[in-house]
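Given below, in the form of structure tokens, are the structures.
Here come two complexes built around subunit A, the first alongside subunit B, the second alongside subunit C.
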Partner chain A sequence: MTKLSTLAEAVASIPSGAHVALSGFAITRCNMAFAREVIRQGIRRLTVSQCVGAMDADMLAGAGAVERIIYGGGSLDRFGRLNCVNRGIEEGTLVAEEYSSLSLAFRYLAGALGLPFIPIRSLRGSDILKRLQELAPAEIGYVDDPFTGDNWLVLKPLIPDVAVVQVQVADEGGNAWIMGPRWDNEEQVKASKRTIVITEHLVPTEVIRREPERTLIPGFRVSHVVHLPFAAHPTSVYRAYDYDAEHIRHYAEATKTPEGFQKYLDKYVYGVQDHWGYLELVGGLKHLNNLIADPILGY
Partner chain B sequence: MTNYTPSEIMITSSARALAGERVVFVGVGLPNIACNLAQRTVAPDLELVYESGVFGARPARLPLSIGDPTLISRATLACPMPDLFMYYLQGGRIEVAFLGVAQIDRFGNINTTVIGDYQRPKVRLPGSGGACEIAIHAKKVFIITHLARRTFVEQLHFCTSPGHLSGQPGERAAWDMPGTGPQLVVTDKAIFHFDQETGEMVLFSIHPGVTVEEVQAEVSWPLKIAAELQITEPPTDEELRIIREELDPGGMYL
Partner chain C sequence: MKIATMREAIARYVHDGDTIAIEGFTAFICFAAAHEIIRQGRRDLILCRMTPDLIYDQMIAAGCARKLVFSYLGNPGVGPLHCIRRAVEKGIPRPLEIEEYSHFGMVARYMSGAARLPFFPLRSYMGTDQPKVNPRIQFVDSPYGNGQVAVVPPLNPDVTIIHAQRADASGNTQMWGLLGVQKEAAFAARQVIVVVEEIVDEDIIRSDPNRTVIPGLIVDAVVHQPYGAHPSYAQGYYDRDNRFYLEWDQISREEATTLAWLDEWVYGVDDWSGYLAKLEKREPGIWKRLAPGEAWSQPVNYGVYG
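On to the complex of A and B.
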């Protein structure tokens, strides 16, 4: 069954107020084309989650599309901070439910396993836990270990409405391969009610069938497959393209002020019709060709 | 002897501390350079593990992000991040982890979340990522940071990653923290250890040309000083060559 959709169709399936798990990690495999389309469609009040806060969440937050971010902290790594997320928290327009990588991954895992809670050894002794107890007391609790009597911190499962995952290879049924590091993406997909796959390459199912051990996302969990090259630009996708350092630097600078970010949005999001217009605007084939991954290095 | 910078002796001192170690959890930036130097010098079998889910990395360029694709090219294993934390970190298989800090207190508790008030901070930092669980589980935690009074503080603004907590004996065990906590702090001016009894940071070694007074001036609490204070061995020409020519030729971090 084909699940091939346009980006606009896939994005339109997400109602305002939904909880979206995003596959990005700092400046790698971020759902950037997705974020731009969410903003163009005016979807609001989203909850977004990811273990390491990334550029996709930052852009969405900056555009006012996000009400709550559930994350383990994050940054643009060497390129700077998540200026939009940070500004939202500081201005009180964005609620930040801040965990650590493992504790958030465990919440996805509990969701994926269908368990009522998951015990965790991390967080204890930290102010991360103290703050969660104030901000999100319903998400954490304590139980006694029936075997030893020890008291354990436990976390509530996290079940996003939809996981949006940037992959390298998928078929039209949504069977997908993620190459290279994949951080919390599998747990996000397994925990979520459904998944939108955004793929660099669309392949016949026969290609998937020849190496089924590479499939990390089974098609039956997927509602939409969007085939869109350079959908993660300016972030990197291993074995597809490297990050566009110049553009990320430009973004990091632009997001330092609300006015700067508005100009960025006006140009790169509202100023173009769709993803193809965006790709032309950032430099077109000539520029993008320089980012295409070396087949040996993968970037 | 070749001239070297304070940052370079910080890197060489960190790398040497990894002699004989097998598995190290690495962050980008200074720890990445230190661990890669260790692999080329004192610890050729060192397994570099990165949070994004990479084992045995052999980065061909300086990674600018933990998710940088250069960490996966020529690595020996890529796995989901939760696998890495669940099976290897929680499983007690990570011998050393390097953490960076924005603030550290005398007991090695670490802040990487905010400077100032949480809601209205002066600076909002990258937060925990995996740092909190690493601080709790890794057998040993090494810290690498520039020595500065704003970093070595009396009172953290936020405790992201617990160290020796309030310094009470048995406190980490009472929280059921499997790791031994912070064991080493390497800076550009001096090296610190932790008192095994009290969990308090102790000045162990000063770099050549640095005085105890200069170190104390950059630390907000009255420093304990080791009975036999050492002078740090300066970098060798070969270490400096590797750093300058191979690890950070563009001077991005140093």
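On to the complex of A and C.
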């Protein structure tokens, strides 16, 4: 059964107030076209989670689409901080539940396995735990280990309403491969109630079946498949294209002030009709061609 | 240098009384390692495995083990494991303690061991009698008020032995096909032996990083042993020898025939090459019969970055 949809259709399926898990990590495999479309459609009050805060979350937070972020810290890697997320926290417009990246991955794992809780060795003795206890006391519990009697921190499962995952390869049914690092993505998908797959390449199911162990995301978890090249621009997608250093540098600079970010949004998000308009605006094929991993040479 | 012969690896890492996991679910079951452990006369082992299969039936018949930690006991598709049954029911050749879980219970024990957690929760065992016979299955109330859940303790083998298609000399190990709980069992272990069909250059491993199931940094010994999983199979290298699984049902019914088989096929040869030579002599066309044919996967382009 085909689950192919346009980006606009997939985004429209997400109501304001939903909890969205994002696949990005700093400036890699971020759901950038998705974030721009969410902002254009005016979806608000989202809860966003990811184990390392990334550019997609930052843009959504800056645009006022996010009410709460559940994450393990984050950055724009060598290009700087998540200015919009940080500003939101400092000004009190954004609630941040901060975990370690591993502990968030464990919360997804508990969700994926349908467990009521999961024990973890991390967080104890840290100020992260202290702050979580102040901010979200209902999220922190302890149990006695029946084997040793020791008291252990156990985390609650995290069950997002929808996971949005940028992948390299998928078929129409949503069976998808992620190449290169995958961090928490498998657990995110399996914890979430449903998944939107955004893919660089759309392939026939027989190609997917040729290498079953690469299928990280099974189609039955997927509600929408969006085939959209360069959907992660300006962030990178392993084997497809590199990050756009110039553009990310520009973004990092623009987000230093609310005014600068507003100008950025006006130009790159509100100033274009859709993803294709955006790709033209950032330089079109001539520019994007510099970022592509050449299929012949491999780089 | 991690490359070792099977004899060296077993002598160095497997000791009397150790807790051992030889993992691999249906495929990749390392009989070559089991036979070497039998030949070296190890005793009092605690053997852990999802599906003990013929491999532990043979080791238990040879008197290597004092305890079996497992899920699902049987000769898959054929019948019971007669040697383990004799050990449990009659103490032949010696008494065997058993500790039984569901499959996912074993997975959870390895996961807990791998992540060095105190226990692992799982939504199993409710309404079953298994907790009554296994005190290591406990129940805990969730502090979040969302119900009660079973928990099992970590399993940290002294040695985990994994069979795979290929590894480099550092032990970076790649597998494809039907995987089991190898990654978790390896990370949970204090020491890891990998046994492979081929040792390849590091470049080949690096050309396809997502296939690396076990990283070299947790591997202590790499043993090159083609056909080391017979009568089990290695995807793309040889198929499962179902005839032997049927034969074993007859061989193992009586203690005497079992011991005669061990004398001939395990004690009667110096090493796995001796076993393979006997196998090929008995059936010259065996590898042709078990050849899996070719179904190559499409290479993928990872690109060059940074």
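Methods note: the second predicted complex is superposed on the first by the 293 of 299 C-alpha atoms of A that agree within 3 Å, B and C clash if a C-alpha of one lies under 4 Å from a C-alpha of the other, contacts with A are read in each partner's own complex, and residues count from 1 in each chain.
The rule is simple: contacts are C-beta pairs under 8 Å (C-beta built on N, C-alpha and C of every residue); 3 or more make two chains touch, one makes a residue touch a chain.
Computed from a predicted model, the values in this text were never measured in an experiment.
By the touch criterion stated above, A:208 is placed in contact with neither subunit B nor subunit C.
In the superposition on chain A, A:73 makes contact with subunit B only, not with subunit C.
In the superposition on chain A, A:27 contacts subunit B only, with no contact to subunit C.
With both structures placed on the common chain, the touch criterion links A:61 to neither subunit B nor subunit C.
By the touch criterion stated above, A:238 is placed in contact with subunit B and with subunit C alike.
Residue contacts after overlaying the shared chain place A:167 against neither subunit B nor subunit C.
Set against each other, subunit B and subunit C touch different numbers of residues in subunit A, with B touching more.
By the document's definition of touching, both partners, subunit B and subunit C, reach A:150.
Once chain A of one complex is fitted onto chain A of the other, the partner contacts of A:180 extend to both subunit B and subunit C. Contacts of A:196 after superposition: neither subunit B nor subunit C is touched. Shared contact residues on subunit A (touching subunit B in one structure, subunit C in the other): 121, 150, 180, 236, 238-239, 242, 293, 297-299. On the side of subunit A, the complex with subunit B involves touching residues 25-29, 51-53, 71-75, 77-79, 81, 86, 89-90, 92, 98-103, 105-106, 108-109, 121-128, 131, 150, 180-187, 236, 238-239, 242-243, 245, 293, 296-299. Contact residues of subunit A toward subunit C in the complex are 113-121, 138, 141-148, 150, 152, 154, 156, 179-180, 207, 210-211, 213-214, 236, 238-240, 242, 293, 295, 297-299. Of all residues in subunit B, only 28-29, 50-54, 60, 64-73, 78, 80-82, 85-86, 89-90, 112-113, 118-121, 124-133, 136-137, 156, 158-162, 165, 172, 175-178, 252 touch subunit A in the complex they form. Put simply, subunit C touches subunit A in their complex at residues 115-123, 136, 138-144, 146-147, 149, 151, 153, 176-177, 179, 209-211, 295, 297-298, 300-305.
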